[in-house]
Every structure is written in structure tokens, then in C-alpha cells.
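Some structures are shown below for you to check.
Each of the next two complexes has chain A plus one more chain, namely chain B in the first and chain C in the second.
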Partner chain A sequence: MYWTVSMEATAQRYRVDPHARFRVLDDEGVFILQDAGEVLVVNAVGAFIVERLKADASLDEIVDAVTERYEVESTQARTDAIALVETLLKAGAIVKS
Partner chain B sequence: MSYSDTVKRTWNDNRLMSAMLELTYACNLDCTFCYNDLSLGGKRLSLDQYRSLLDDLAAMGVLNLTLTGGEPLAHPHFFEIAGHARALGFVIRLKTNGHAVREPVALRIRDEIDPFLVEVSVHGATAATHDRQTRVPGSFRRLLANIDAMKRARLRVKVNSVLTRWNESEVERMLALFDELGVQFQIDPEVKPKDDGDPSPLSIEASAEGQARYRRALEARFGGGTKRTSESAGEQRTMRAGTDKHCGAGSNNLTIDPYGRVLPCVQWRVAVGNLHEQPVSAIWGASSALREVRETTRAVRKKLEALGDAGLASSFCPGAAHTYSGDPLQVYPPAAKRMAETGRAPVRLTVL
Partner chain C sequence: MTALTLEVHGCRYRFSGLTPEQAGRVQGRFGPLLRSDDGHADVPIDVHYTPNRGGFMQRPAGPREYRVAVAHRADSIAVAGIGFTANIDRRPFRAQLQTCLVDDWFLGAFENLWRVVASYALFARGALLMHSAAFTDGARGFLFCGRSGAGKTTLCGLADRLELEVLSDELNAVAERGEAYELRAMPFAGDFGGLPAPHPPYPLTGLLGLAHDTAARLDLCSRAEAVSRIVASCPYLNADPVEIDALTTRVARLVEGVPLRILSFAKDTTFWNVLDREYGSHRTALSG
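Moving on to the complex of A and B:
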């Protein structure tokens, strides 16, 4: 499956799909998936991660940032970040850079 | 958290989410019931001002941007403005009459703007009816060709129509036409006065028989029991659960006219500031007129709830009320009619 993210490949960078739009509204992130005509809402941590993706951070760098900001174990942060990225890839919200 | 919950939170928090830019009132058609106030004058916003405005809106976190007019493509810098908007990542809706969107323009719109939706107006199922409305012979045939060009360019197209005395006899054919075109569509059963309150467009509002025919056509198209959301008090309650406001006018959306006047929404034509004097962020945060609008949406909500199902099912719009009477709390004829249909006599709303 093309959206699978390898635990070993966390140096990969991503960006918002050119046909999707993203904004942070208060603490949440909203994707408008233009081609599908769908909306995807992510929570505050998700919005934080997407903002880092947009800033061209790698997954490794994002995990560090999440760990620092949210007082979560690195292993858990990595698992959650990978799960989110897989979800966003599958939905067509982001693509690999 | 659902998207609708997020939207309602923006109402509560006065978080600007959607902006509509009326780029120009110039138009290449001459529609009978055009609602624009063509007598308005003032200093038009420059291209640099539009760029600054869009930068400000993006910095404020605005998601949705609608470009409209008049005919937005008639603005001399339309593609510069829309292209800048695309670069800033807005979800762009383009409201156009479609008359100028031949294939090269459709392709340019797709490539340079990538809009979420292009909305065009179709006024009937026949050239005779549509061209009578636009007062431009050949406009119907040209629009159908242009809709085809837009679809070939892979633009998402939606058709907007208003039910009138002129097209009510062909509403079934309109639905069939929209299906044939393969487009989303929305038919507004209510003709509205012009933005300056001029009621002359009401002379062609659909008859009672036409309204009934329209409902039957919708039921035949979508199946029995079809009801517009606005007709259901229960749906209205659900839509507004979690907020004490009637709508997002001035709370999560605004409209800006070609002369920089900032309005609470496209229907509510009261300026709460002007971009020639202040940036939009300053107006949004500090306008006393805007605060008054937000409080009025709360007052409307309270009053409609006090009226029960009749009030909630009236599709009351404070902007339309203001256009009819100058009072955003005054029940206006179409809302009163809907209240009466729900079994309650119309009641004049007054501020608490």
C-alpha cells in the first residue's frame, strides 16, 4: 500500500497535497480535500504535526518537536506521528516531497 | 470533533473563517433582478490593497474565500488577485455568470486558481427564459457550451438558479437539464429585493402555484418526503446546537465590496468598516458596529426560539430583514409566510 510509512523511513518529508487546503482553526486543523469534496479535521497535536510538515520537517524532527511540546515518550510520539501521516497519505491530504 | 462543531466554535469565538470579495459590480450581462446596488460609488481597492487584504486574511486563518461580483472576471486584475489567493492556500469558490469562461479561460482558471468550486447562474431551461433574464441574446447557448468546457477542464461546477414567475413553468426541465449537465445545483425559491432595498425584482417572484410545482418537482427528483433543511425546525435546532447565535454573520464570515466596505455578510449590507481606513484585522477585532451585529444575531436567535417551530422554520435572515425594512429583527414577507405555513401568525421581532 503506497501510504505505508516505514519506521525506518522517518527521514522522509511530506507536504500538503497541491489540491488540498489546510488551515488551523483555533486548536484544530482542517483539511479541505478538494478533489474528494471532503473535510478532514485533526486535533491539536495533529495540527501541530501538519504545521511542522508544511515547514519541511522530517518525521524524525517532528517526533522531537512533539516530544518536547507535549511531554510524551519518544516511542509513543513516533508511533502516533506515523499513524497520522499514514492516515493523511491515505486520505490524499498530504504527499511525499 | 466534527467539521460542523468546528464551524460553530468559530461563531462563538468570533473566528473569521470565510470571506467573500465582491471584486467589481461590472458585468457582461444585464440581469433583470441583479441585486447589486449599482448606484454605489467610492474608491475601488487597488491590486496592492487586494494583495495586502489576502495576506491579512491568511494570517487571520481564513479558510474559505469566495470571489464574486458583479462578474468577478470583469475585474482587470482578476487572475492576479485569484492567483495570489491560491498561493496563500485558500479554498476558493468562484461565482461567475460563466459567460466569459470559454475553454481557454476555463483551463487558465484550473491551472492558475484551482478553485474548489465554480458556481454559475442558469435562469431557466430554455434560451427564451434564460436570455430574457440576462437580456443578452445567445447567453443561454453560450453558457451551456462554457459549462461543458469547464467540465472538460475538470473544474467542479455548481449551478445556481432562482425560481421566478418566468421559469416556474419549466422547473422540471431545469432539473432535467442540470442532471444532463452533470452538475450540482441549488434553486433558491425566493426572489429578494436589491441590496439597496429596491423591491422591483419581487415583481417576478414565483407564484404560489409555481412554488408548489417546484416542491413537487423536487420530490419527484429526490424522492418523497424531501424537505429543504430550512423547513425543518428540528434540523435548525441541530444546526445551531452549541451556539447562542442565529448565524455566523460578522462572527465567522464577512463580505467586502469593491470599494473596501466591510459587511457582516453578503446579505447584511451595513458597513462595519472600510479597508481604505483600517486593515481587516483591526476592523474584525475592534469595530463597534461589528460587535452590534454579533449581538443582534444573538437577539434573533432568542426571539426565533421563543416563537418555537414557526420561528425556527422561517429561514429568517437578519440581512434580508435589514434589506426589506432597515431592521434586522423585523419579520419580512417571505419569512412571515413560512411562519404562517408552520401554523403560527407572523410576529414582529423587536430587540430585547
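Moving on to the complex of A and C:
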């Protein structure tokens, strides 16, 4: 599947799909997917990750930021970040830069 | 050719260029909303009858539901469905309908276009059109947003058994008024049926999402989830890149004023006990 993210390829950068909008509300994030007329909610960590993606951070840099902010193991942060990115790619919320 | 003016909550939609047969069908369906036609319109809609069926999407052999195609452009919105195409200009706000229909199918084209036009006309006036069910006990208005399958029609059937007045199981509007919000019935009845009739606005007392469960209860949800549920329920605008940011901002403001709660309900009337108890103590009064 094209949205699979390799554990090794985390230097990749992503951006919000041009047909989507992202907004943070009370720490949580809302994606509005215009083409599908769908809406997607991400939790506070997810919103943090998306804000970093929007700031052109690589997945490696995001993992470092999540590890520092939420005091989680780097391995766990990487696994969670990749899972989120895969979900958002599959939903059409983000695309590779 | 005939012109008909239909008024919904103070907004006058003037449909001109109707053939006598088309006008008769509109009068039969939307008669209570007709106003004397003095040429004044908030939203002018020109109808062009073109008896060339080959130029339009063909009607199916039997009855079926289909999704109207809507394409958003910078300065207009294009709409197409069975037997019609239409164009809505953003500024000045107006629409043109081309159709090969004059029989019962014409009402389908007419209403399909009117829904899109009304969603934009309402939005321009500070309101939101939502896929939703709504009912009132005469003093309080309750709106349940959700797409097909959420349980809107089921809930309306249960509300009807309780002799609550169902406004629609498909499309209703919410408008800010002073520091409160009001619920407005729209002339789009959905599966629950009924001929369109003028309704006064009701105070929006309960703004709810729907979930199925074995017992009725109310749950809070986060503001992000509330915004997501309501934006997802706002047809046409939620897919329009020109309006999506303004829509999200308006919805966020709405849920600040009227927090969204999730009503879980079984297929019985016990949900009303939960709603009546929860919202009984803080009835929303309209200001002004």
C-alpha cells in the first residue's frame, strides 16, 4: 500500500493535503477533508505531531519532539508517529512533501 | 412563463421562468411558503426549460436515491443531477437551473437545487444548514446532527409517538440570535415526510449527536469532536474550499454557545426522559 511508512525512511517530510484543512481546538486537532466531505479528529499528541509536520519537521525530528514533550520512549514515539502518519496518508489528510 | 416566490424565515427565493406545469407542481408541494410575487427576491433563481433529454443525466428505470454532483469553483458552484444542471453565482448570489423535466421528477430537481442554494443563502445570513433531525415540545428545540444511518429518522419516529413536533429528519437550520441560537425548520422533509409548512423559530435548547446503545444516556464530547460532527453535517459548504474556514469558525462559535452532547438511545422513547431532565432546568431563552 502506498501509504506505508518505512521505519527507516523517517527523514521524509509531509504536509497537509491541499484539499484538507487542519485546526487545533482545545489541544485536539480537526482535519476537514473537503473532497470527501469527511472530518477526522486527532488527539492532543496527534495534533502536536501535525503541527510539527506543518512546520516542515521530518519524522525523525517529530519523534524527538514527541519524546521530549511527552516523556515517552523514542521507540514508542516512533511507532506511534508512523502509525498516525500512515493513517493520515490513507485518509488523504496529508501528503508527502 | 411563471415566477413564484417562496419565503423561508424571511428569505425570499424567486423562481422565474417556470412553465405552467412546473409552476403547478411547485405550488402543490410548497404552497404554504408562497408569497405574492412582486419581483423582489433575496435569491433570484432562473429556470430554463430545455426539452432535450439527451443533454442531461438520464433518469433511472425505477425509483432510487442518488447523490447530486456539486463542483465548487472560485466564483460559482455547479450542480448536476437527474434531468438538470445548475450554476450558482457567488456574487451577486443567484442561480440558473436548466432542466428537461416538467413531470414529478421536476420537483426532485427543484428541491435538490434549492437545498444547495438555501445552504449558501443561510450561511450568508449567519446561519447553518445541517443534515439533522429536529423536534420541539413547543418551547424547546432539539437538533440531532448526523449523516445517513445515524438514527435521525428512527428518533423522529419515536418523537412523533411522544407527540413531539418533528420539524424534519433530514435538514434543519440553526441561526445565532443575540446571545442564543434558534432552531429553524426548513421545507425539506426527508424520509419522515409531511408537506412543508411555516414554523416559528424555536430556542435551540439541545444540540446533540447520536449513538446507538441499549439504554438512553447523554455524554459530553470534546470541542474538537463537536466541531467535527457538525462540520461533517453541513452539506455542500463542508466541501467548498472558499467557505470551509469560515464554516469551521462559525461551528466552533456555535459549540461554544451550545455545547454538543451525544445522545445514546435504544429504539424506545426513554430518550425523552433523559433529554427532558437534562435540559429542563436551563431552557434557552431567545433574546431580542
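The working rule: the second predicted complex is superposed on the first by the 97 of 97 C-alpha atoms of A that agree within 3 Å, B and C clash if a C-alpha of one lies under 4 Å from a C-alpha of the other, contacts with A are read in each partner's own complex, and residues count from 1 in each chain.
We adopt the following convention: a residue touches a chain if its C-beta (ideal position, glycine included) is under 8 Å from a C-beta of that chain, and two chains touch if they have at least 3 such contacts.
All values derive from a computational prediction rather than experimental measurement.
Student: Between chain B and chain C, positioned on chain A by superposition, is the outcome a clash or a fit?
Tutor: Here the two partners, once superposed via chain A, clash with each other.
Student: After superposition on the shared chain, which partner residues are touched by A:Asp26: those of chain B (first), chain C (second), both, or neither?
Tutor: Once the two structures are laid over each other on A, A:Asp26 reaches both partners.
Student: After superposition on the shared chain, which partner residues are touched by A:Gly37: those of chain B (first), chain C (second), both, or neither?
Tutor: both
Student: By the touch definition above, which chain A residues appear in both interfaces, chain B in one complex and chain C in the other?
Tutor: In chain A, positions 19, 21, 23-26, 28, 30, 32, 34, 37, 39, 41 sit in both the chain B and chain C interfaces.
Student: With touch defined as at the start, can you tell me which chain A residues reach chain C in the complex?
Tutor: Result: residues 19, 21, 23-26, 28-30, 32, 34-41 of chain A touch chain C.
Student: Could you list, by residue number, the parts of chain B that touch chain A in their complex?
Tutor: Per the stated touch rule, the residues are 1-3, 6, 9-10, 13, 15, 17, 61-63, 89-91, 114, 116, 156.
Student: Touching residues of chain A toward chain B in the complex: what are they?
Tutor: 16, 18-19, 21-26, 28, 30, 32, 34, 37, 39, 41, 43
Student: Name, in rising order, each residue of chain C that touches chain A in their complex.
Tutor: It is residues 222-225, 227-229, 231-232, 235, 238-241, 244-245, 248, 252 of chain C that touch chain A.
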